[in-house]
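Per-chain residue numbering starts at 1, and chain names A, B, C and D are given in the order in which the chains are listed.
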Amino acid sequence: VDAHLVDSAIFGANWSTPESHALFSERSRVDRWLRILQSLGRAQADLGIVPESSARAIEAISIDEVDIAKVADRTRETAHSMLGLIGVLQDVLPTDAGEHVCYGATVQDVSDTSASLEIASLTSLIRRDLLGIEEKLLDLAERFRDTPMLGRTHGQPGAPISFGFKVAGWADEVARNIGRLDQGVERWAPAQLAGAVGVVAFHGPDALELRTRFAAGVGLTNPPITWTASRDRPAEFANFCGLVAQNLARIANEIYNLQREEIGEVAERTSGATVGSITMPHKRNPEGSEQVVTLARVIRSLAAVMTEGMVGDHERDGRTWKGEWLVLPQLGHHILASLSLADALVGGIEVDTDKMAQNLARFGHSESQELLRRLSLRVGKHAAQSELNRVYRAVRETGTPVAEQMSDMLTAEDLAGLDTPTLGAGPEMVDAVVTAARLRREAEQTA
Amino acid sequence: VDAHLVDSAIFGANWSTPESHALFSERSRVDRWLRILQSLGRAQADLGIVPESSARAIEAISIDEVDIAKVADRTRETAHSMLGLIGVLQDVLPTDAGEHVCYGATVQDVSDTSASLEIASLTSLIRRDLLGIEEKLLDLAERFRDTPMLGRTHGQPGAPISFGFKVAGWADEVARNIGRLDQGVERWAPAQLAGAVGVVAFHGPDALELRTRFAAGVGLTNPPITWTASRDRPAEFANFCGLVAQNLARIANEIYNLQREEIGEVAERTSGATVGSITMPHKRNPEGSEQVVTLARVIRSLAAVMTEGMVGDHERDGRTWKGEWLVLPQLGHHILASLSLADALVGGIEVDTDKMAQNLARFGHSESQELLRRLSLRVGKHAAQSELNRVYRAVRETGTPVAEQMSDMLTAEDLAGLDTPTLGAGPEMVDAVVTAARLRREAEQTA
Amino acid sequence: VDAHLVDSAIFGANWSTPESHALFSERSRVDRWLRILQSLGRAQADLGIVPESSARAIEAISIDEVDIAKVADRTRETAHSMLGLIGVLQDVLPTDAGEHVCYGATVQDVSDTSASLEIASLTSLIRRDLLGIEEKLLDLAERFRDTPMLGRTHGQPGAPISFGFKVAGWADEVARNIGRLDQGVERWAPAQLAGAVGVVAFHGPDALELRTRFAAGVGLTNPPITWTASRDRPAEFANFCGLVAQNLARIANEIYNLQREEIGEVAERTSGATVGSITMPHKRNPEGSEQVVTLARVIRSLAAVMTEGMVGDHERDGRTWKGEWLVLPQLGHHILASLSLADALVGGIEVDTDKMAQNLARFGHSESQELLRRLSLRVGKHAAQSELNRVYRAVRETGTPVAEQMSDMLTAEDLAGLDTPTLGAGPEMVDAVVTAARLRREAEQTA
Amino acid sequence: VDAHLVDSAIFGANWSTPESHALFSERSRVDRWLRILQSLGRAQADLGIVPESSARAIEAISIDEVDIAKVADRTRETAHSMLGLIGVLQDVLPTDAGEHVCYGATVQDVSDTSASLEIASLTSLIRRDLLGIEEKLLDLAERFRDTPMLGRTHGQPGAPISFGFKVAGWADEVARNIGRLDQGVERWAPAQLAGAVGVVAFHGPDALELRTRFAAGVGLTNPPITWTASRDRPAEFANFCGLVAQNLARIANEIYNLQREEIGEVAERTSGATVGSITMPHKRNPEGSEQVVTLARVIRSLAAVMTEGMVGDHERDGRTWKGEWLVLPQLGHHILASLSLADALVGGIEVDTDKMAQNLARFGHSESQELLRRLSLRVGKHAAQSELNRVYRAVRETGTPVAEQMSDMLTAEDLAGLDTPTLGAGPEMVDAVVTAARLRREAEQTA
């Protein structure tokens, strides 16, 4: 019962959250299946398909009456995913009502509807967490809108940016993910009432009305057609989780790198009790950042299984569908863990603006672009670049300072102020991102 | 020059299309880069950043003046992706204008803008092809709305559906992909004007106005902030292609299986000249279907590279970005090939309704669900199921016919008409899908 | 504690085995870590690095004395993976010995050595299971060495093979996997004693001797150099599991397809209590086969995470290494489940040789290759093929029998015996595979 | 013809090599197919299956006589992969010999044998390149055996290692890959002679003798049984390429990070003509390193397609097999490009030992492990660690130097020499790796 790391008391917290455990515990899943059967019975009674008394008896069952160990035993005996639960429910129901539980529904009706409820819950938690992260990022972006630091490309110091500009780029990506979520959720999580092969033949002429009521009862959208074989719905959700996880991993990866002591511009907050290393007592490791990257790798790989599963045979394909039984909950654990860790990361980030300034001054010839710009005005852009390529090669090889080499090409005036970082349009772009996000957020709050 | 299968004269047509070659040939890419530089020059001249005469000279260059072999030589010499082209352009430009070509732009400004133009073109071609496929599917769904065939689950014959119901499920998935495209495209393909590290510092105070004009000039959206490090944009497009490819592969996989001679319900159309096998002259192979499945696997794997690439360092990461240079065109070739093949498949599908009827009669006890329904009314659902499980086990083991075994439980009347397939709500769902799609399509045409 | 499907009482058995639970339960992992610390203490005492009394006290601890809940609490408090366990061990040790537990070792020394022990155990279980499966396959191959059935290519009936030939192809692949295992295992699972950054500096001049003794103590190979950052070792194992899983999935996929009722040549054995469907009582689903395919997809995706993790930073990279903590146990659960299911599949396979004969007679013009051979002798190979392409097109389109069409090209004698399946060199190849495997197996048993 | 980046004159060199182009050009592939057909004809003539005169005529054909454009046209007409070539060969052969070309062989016999020849060539080139890289790494490991630098874990400065120790870890991984290659190659690349469905029925009783001679003729191993459906053979090769690519990418990733100007310990060699950036003239980018990482990502993803393809239907599955037609050559281009770039990287690496020493002194409290060791002798390991955790937290927060804080716990003598890096057993491990590799290499040279 604790043979997967998600369920480990010692290590589970790195891979899941209390909310993901509440959502995916065995009891919670059985309870969800029970509530689905209750909604089905209710809709069927309202349409006269089963007696009202049966629906009421089914609705009256509490998860506390369901002996999960017995469900497990009977599931193994019959090698059927639902008969265990049906049998145990029949035990606690009057005989007649027992015949009406799971009336005409297939396993996939229950399991897909349950999966859609899970996806709906996850979507809502993900949205909440993305909004929370976005808020922290917007604050950071504003706070450090004009704080100069080195921009880096190809891992090398380049020209100046502001830290707020960097953060605004993260926030903009988060905003796109909120947009994806808002557009995608309508496709991800409909109810399923397919019956044996999808045409809901068991329920007679009221079948589609039954599906409409059932969907309303469980609180999900009513699909235009059975989707037992159309797994693009959960696959799109899984791919969305992949984008979110990678978004967060990019932020975490950046913190990991900027926290390198040789750079030292930002750091994860650590609590006083945290121990970095038991062999190197000075160590302070960016373990939260690392874990967000790790989670993203696992999430991406699970999303790939879901996407692969879109190609299945005929009206139902166990090879695809059962894969989702494993993958969706695991995806749920990991994406919530990732969001939770990322929230702590961006909420607790320590920013060392002095170090940023020092690095700007020390490394990377952050003046080179500005110098190129100025020299371009004199000699042309590409001529300037050739010249400066030569100049900087000489800096590297002989150490001759730039100014000295340039003295016959540029006046002292031309060379003035080169050490003042030019932030370009960075701050304006911060404003654009922040303003758009704040407007959207306010509109949502007042809606 | 023909060492990748996409470029093979013999086999390339299975992996690409004339349109994908037109889009991604070397000449075409160089031409696109040239046009981007022309748009940039125009916008810069309009803002007074470069002289009007330079912009005009740059605009006047034709791709025919660009010696691609020379571009290649200089690219290798400098190990820089753009200097080759810039040098060759300088050769054909007046000295002054030569200094203003690619003025202050980085390679990624050009290559990202080019990639966005490619994505925009691909998106438009994909949309056209999805609409074409949808049209054929809607026709098929209507035509075979009431044509009974076996529904199959777990690879086994189950209860009846109609062929139109199956096709409507495909069409509904295609419609969702059109929806995804229409929502996603605004995020996928903006212009890029980032400069050295993203803050467009080279261009001074007019930088954002320059970007606005440049984006308009190349016909792309203007992003709120630099996205050199935010690769969720192309990654989302790649994942979308994965969903489309899997959608098509599901259709193709179904044709492959239903074309099995033992089933024989549908077949790919083949031309008279087609040869199936050189060792088994009777063979008629579903090679188009197979190829659509194969393409989907490659497309998924390329999409995974794009998604992985979302996590990069700092303001530009060559490890990610250069991967896109390879992956995006290859993805484009394959998705267009897949759409083209799938269009031929669904356009030429041969449907054998007699064989469908025969299989319904011969295999799968397609009456079993209906029998369960009727017996359920007498003895209860789960009791009926237990009983029928026993009955069908006896059928398998002893061959005793169902009716004979049931004679003491059901009257002759109860057993009547069991061999008439019950299509359930299948045809109604076909109508729901077709109606919604036709409404959307008509609205679009009149718009 | 049961929020991952592996740990579900109801469904866990599809994804794991009792042996995988025994190996990867929390208690089992803590016990393994404890035994590693005991081996370390012993080796250190023998070299005089810690007092003999401390080593003895550490060796005397039983897992029953370890309060796992307390380990969990302290792990969370310190955010350090080992301090929880160390603290609890110190609680039960004399003060002095408490200072010597985990003396100079890092978390990764313990966790990598533990992972190697897990890999070693898994390797041994996998080998046992592969041998068991191979045995059943060799028996089947021999038993059905000369049993004709349709060979199929591109999903279409082709020319005859024997069922034994098909099975021998599976067995040959299993044999290659045993070969891969025997060659690979020496690389997969060495001990780790790296210390802080890999050079084992804490332990002074005896460091390498200590590692030699420690490796012997835990029963693992002694690597030439620290491999904290060389994750090709576990990655190779994961990729090997991928090959095994796909090998088994190919067998399962074939059973799934041959069990299609329209083909009906083989079937999974089902027990009397098994229920196929609760809506279609006649159904008999190949659920074991499906699950083996599903498991292979998850296993492949986990192996991809391990391979991706080979690229890490510097001397230890948490992003890679922590991923293995999750992935390796999950891989272990799934590969053992896959082997167990596959063993049941091939052990219980029901072969319907009558149906094989019927299908040969009914479908696929299995005579076409032989006819091509005979006609080739008269008119040349390619001329014969063109002719026969025409003939069979006419069969499809007009129904004119082959013999009738050929009467002016071939004599009655030429056409005689065409309906006797030609098994070619199939049976000889069965012998080659079986003989080689039996020789290897006997050599192993007498060794 | 240049619509894939591999075939681009401008950018192809980043993704392929002259050798990969020589191996995979269209002409080269057609020539290989021709030589296979010649070997087949020869073996058939020797066994009296075709006339000697036909074999000789076929053997006499030169690739120069084959009109590839015509092959392409006829391939498209027939939609058959081989009929185009067969037809063109028939054009240049006497009628009789024309009937004997590709006598009884299927497309897959030719294409699989061709793929095995490609794999054999690639394997040999990979081995050569791995040996070349290993040599350079062994030299580096020896040269910098005792050169101290910071070891880093979790991206943070830790304790000292030597640069030679780091390099020896790379070399050890390369050596394992050479070992994998030497063991795997016997499985990767056998000849194929399967005929229609695998039992080689066309060729009569001499079929297996024919296969033996054919395999010898093409210079490949003779498999025990047909492997048209056993794709573990090429999949294992692809996974091997994945391990090699990741091995190289780990080295490249390390160079990328150590070349960060803030670290500056190693750098890629650049030629005088190389230009790093056209907007930041001072930039020197690790583009070779980046590309090696990028290539590994694509290679891994292609290997995943091959592994997925192991699960196919029946005796031949076009969905799998045709995927290999695309994937294997692309894999070949990329792995050779990766090896070539990696060879240049390790051959041209610039090592700044001064910077290593400075970083050791400046960052990371590289004395902390040694201090822990010394204090452990006084107060016990874990007590020492707690104490030092406190000490270093104070260093971070208040700046109080370590020595000052420790003055009441350790004597001046205890604190002496802490700034001399302790290399531990690192140099000895370098020796172990280098010695083992040199012995293996010398044994090979004298063999």
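What we mean here is this: a contact is a pair of C-beta atoms (placed from the backbone, for glycine too) under 8 Å apart; a residue touches a chain by one contact, two chains touch by 3 or more.
Predicted model only: the values in this text are computed from it and were never measured.
> Once you count every C-beta pair in contact for both, which comes out on top, B-C or C-D?
C-D
> Quick one: superpose chain A on chain B by CA and send over the rotation angle as a multiple of 5°.
When the C-alpha atoms are superposed, chain A turns by 180 degrees onto chain B.
> Starting from the mean Cα coordinates of chain C and chain D, work out the distance between those two points in Å.
Once rounded, the distance between the two centres reads 24 Å.
> Between chain B and chain C, what distance separates the C-alpha centroids? Give it in angstrom.
33
> Could you list which residues of chain C touch at least two other chains?
Answer for chain C, listing residues that touch two or more other chains: 86, 102, 104, 153-155, 158-159, 195-197, 202, 256-257, 275-280, 285, 287, 290, 293, 304, 308, 317-318, 369, 372.
> Within the complex, which stretch of chain A touches chain C?
1-11, 13-16, 20-21, 23-26, 30, 68-69, 71-72, 75-84, 86, 102, 104-107, 195-197, 202, 256, 270-271, 273-280, 285, 287, 290-291, 293-294, 297-298, 301-302, 304-305, 308-309, 317-320, 322-323, 325-327, 329-330, 333
> In their shared complex, at which residues does chain C touch chain B?
153-159, 256-257, 259-263, 272, 275-287, 290, 308, 359, 363-365, 368-369, 371-372, 385, 388-389, 391-393, 395-396
> Can you name the residues of chain C that touch chain D in the complex?
Against chain D, chain C makes touches at 86, 90, 95-96, 98-100, 102-104, 151-155, 158-162, 165-166, 168-169, 172-173, 176-177, 179-180, 183-184, 187, 195-203, 207-208, 224-227, 229-230, 232-233, 235-236, 239, 242-243, 246-247, 249-250, 253-254, 257, 293, 296, 300, 304, 307-308, 310-318, 369-370, 372-373, 376, 379-383, 422-426, 428-430, 432-433, 436.
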